[in-house]
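First, the structure itself, so that you have it in front of you.
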C-alpha cells in the first residue's frame, strides 16, 4: 500500500475545501449579517488511525476509498446552534460538490453525549493524468461548545484505546450536559439580540415616517 | 499619524510570539505529557478600535505606545482551567521577553462574567536602523469555554457600542455561569484521568515487583 | 465603488487557484517525473493600480470586471522553458475552469524583452446568495529567469511611472538577453539530462538481457 | 536516535528566523528605499540527507549537532549582487543571535560555478524544561540568478548521487557563467537607477533654489 499515492487526492480535497469554506466567512463579513462560521479546520486521517479503524470495522484495505468515509475530514465551528442550519443550507446550495449522506447527531445525539451535524460530500479533484477523481469527505458542523467537549472525548478515547472507564464516561456525560446548557444559554442570547434588533429597526422606521 | 510606521513593530511582535508559543505545543507533543496549549491566535488592534479606545480612555495619540497596552495582542486557548497555571509558569521561565504586569481575572472575575488570565509582556523586536525596539504585548490565557463566551460578549459590545441592554447583559451573566459550569465539569474529568493514571501506574509497578 | 465587495470574489478565485496549482506539484512529487512547477504566487490587483490602469486604458469603472482581465492574477514559475508547454497542456485538460484567451509572449516576445505565457481563465466561485459567479483570472507562466527580469522591469516601470529613461531601457534589453541566454543554457542541460537517462536505461536493459 | 526529539529545536529555529527575516522586508516597504530581500525560505535537513552526509563526511551520529552545521537552513534571495552586502550588515547588527562563521562563495566561487554567501548563526530557542538551547543554523544569501542555478545543480547532484557526468558538469559551468552574466547586467541597471536618482534629486534641488 503506497499511502502517499492513496492519500494525496484527499489531502488536496481538504486543502481546497478549507479555502472554499473560509471564503464563506469572508463574504459574510462584507454584509451586516452575523457570520455563521467561526472557524474551519481540516485533516487527512493519519495512517495509524486508518489501520486501527480498518481492523475494528473489518474494512479490507482495497475498499478504503469506498467504505471509510472520513479519510478526509473538514470541520466548521460556529457560535450558535441556530447557525448550523444556515450552514447546512449554504452547503446544499453549492454546485462545486454534491452531498452523499447526512447524519444529524444534534437532533439525535449519541449515547456518549456527542452532538454534531455530519455530511458526506463527493468532491472532485483534478489529476495530472487528466480528468477528475471523486473523493469522499466527511464534513462536521458544530458549535464551539460541542467541539470543546468532542476534543476532550476524542483524546480520552485515544488514551484508553476506546475503553473509557465507567466513572470517566459518566463524567463525560455530565460535561456534555454542561456543554449543552451553555449552547442553550447562548441560543437565548442570540434570540434576544435578534429580538432587540427588530424592535430597534421598527423604532427607526417609525421615527423616519414622522414628518 | 502614519499608522503603518507605528504598527509594523507590533505586527512583527505578534508574528514572532505566535510562532514561539506554537513551538511550546510542538515540544509537548514529543512527550507523553498533556499539552496545555490547544491553539494560539494573535492580532494587531485595528486602527478604528485604537481611535475609539483612545477617545474613551482619554489617551493622547502620542502616548499610545506607553498607555495602550493591547496594541498587540496574543491569546492562548487551553482545555482545562488547570492548564492556565502551567502556561503562566512556562511564560515566566522564558528569557526572550519580560513580564511587566499580570492580572488574574479568573480568581477575580469581572462583574460581566469575564474570566481570563492577562499578562503584559515587554518584547524586543529588531529594527533595520540597528538595535532593538521594545513593544508591549497583551497575552491572554483562557480555556475554550472562557473564549467562547468572551467572543460573543465582544461582538455584542461592538454591536451595542459598549451599551448592552440590561436583559442581554443578564443573559450574558447566565451564559458565563454555564461556561464556568462546563469548565468545572471538565476539571473533574482531568482530575479523574490523572487519578486513574496514578492507580494504573501503581498496579503495573506492583505486578512488576511480584516474582 | 465598494472595492471590498467588488474584489472579494477575485481574492477567493486567487486563493482557490493557488491551492489547486500547488496541488499539481504535490502530485508530480509522487512520481519519478520532473515537476514542471517550481512555485506559484497570486495577488489581487491593488486598488491604486486598478485606478491608474483604468485611467490609462480608458476603462469605465462599471466595466472593470469585463475589461480589466488581470484584476486577479496567478503566476506559475518553472525551471525550464520546456516546462511551460507541459503546464499549458495540464491547464487545458482541467474541467474546473475554462480558458478564454491565450497570448504567447515567448514565441513573440515584447519589444521591451518581456517573455511569458499568458492565459485568461474563466473561474467560477460560489456565492452566499446561492449560485456561481464567474471571474476572469490572468495566469502567467514563466521560467525563473523570465520572472527575475520581469520583477525588476516592473519595479522600474513603477518607479518611473511608465516612462523609463532610454539608457535604462537599453540596459533592460541587454539584461533580457542575458536572461534568455541563461534559459538557453539551462534548456541544453535539460536535454543532456534526458539524453543521459535514455542511454543509462538502454545499458541497463542490455545488461539484463545478457545470460 | 529519536529524530523528532533531535530536530524539533531546529525546526523551531527555522520558523522563528523565517518570520524575523521576512520582517526586515516589511520594514523596508515602509521606507522609500529598495528592499534588499526578495523572499526567504527555510528547511530542516531531511533525515535521509543527514544520514547520507554523515556517512560521506564521517560524522558520528552523536556529533551531529556540533559537526553538521546545516541541520537547519535559511535562505535569503535578493535581486542584485549589491544587496547581499546590505543584508550581511543587517545580520551583523542584530542582537537576537550571533554569527559563528562566514564563507564568501561570491568573491571565491566554487569550481562548479556555485556562488552564494554563507553564514553560520548561533540561534537560541526556548525549551519547555526551562532555559535556552543554542542551535546552529546555516544562512545562505544569494541573488535570484544564483539561486536558479543552484536549484538545478542541487537536483542534478541528487539524481546522479554526487557523480555528475562530465558533459553535464561542463554544461553547468556554462550555465553558471550565464547566470553570472545576468547578475552583471542587472547590477549595471541598479547602478544606472541610482545614478538617475541622484541626477533627478539634484535637478529638483536646483529648481527649488530658483526664485
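Per-chain numbering from 1; labels A, B, C and D assigned in written order.
The definition used in the following text is that a residue touches a chain if its C-beta (ideal position, glycine included) is under 8 Å from a C-beta of that chain, and two chains touch if they have at least 3 such contacts.
Keep in mind it's a predicted model, so treat the numbers as computed, not measured.
**Q** Which chain's C-alpha centroid is most distant from that of chain A?
**A** Result for the farthest chain: D.
**Q** What whole-Å value do you get for the distance between chain C and chain D if each is reduced to the mean of its CA atoms?
**A** Each chain's C-alpha centroid was found; their separation is 25 Å.
**Q** Averaging only over C-alpha atoms, locate the centres of chain B and chain C and give their separation in whole Å.
**A** 42
**Q** Give, as an integer number of Å, the spacing between the C-alpha centres of chain D and chain B.
**A** Going by mean C-alpha positions, chain B sits 36 Å from chain D.
**Q** Which residues does chain C have that touch at least 2 chains other than itself?
**A** none
**Q** What graph shape do the protein chains here make by touch: line, ring, star, complete or other?
**A** Graph shape, chains as nodes and touching pairs as edges: a ring.
**Q** Considering only the defined contacts, which chain A positions touch chain C in the complex?
**A** The touching residues are 4-5, 8, 11-12, 15-16, 19-20, 23-24, 26-28, 30, 90, 93-96, 124-128, 130-132.
**Q** Write out the stretch or stretches of chain D touching chain C in their complex.
**A** My answer: residues 38, 79, 144-145, 147-148, 151-152, 156, 159, 165, 167-168, 171-172, 174-175, 177-179, 181-182, 184-186, 188-189, 192-193, 196.
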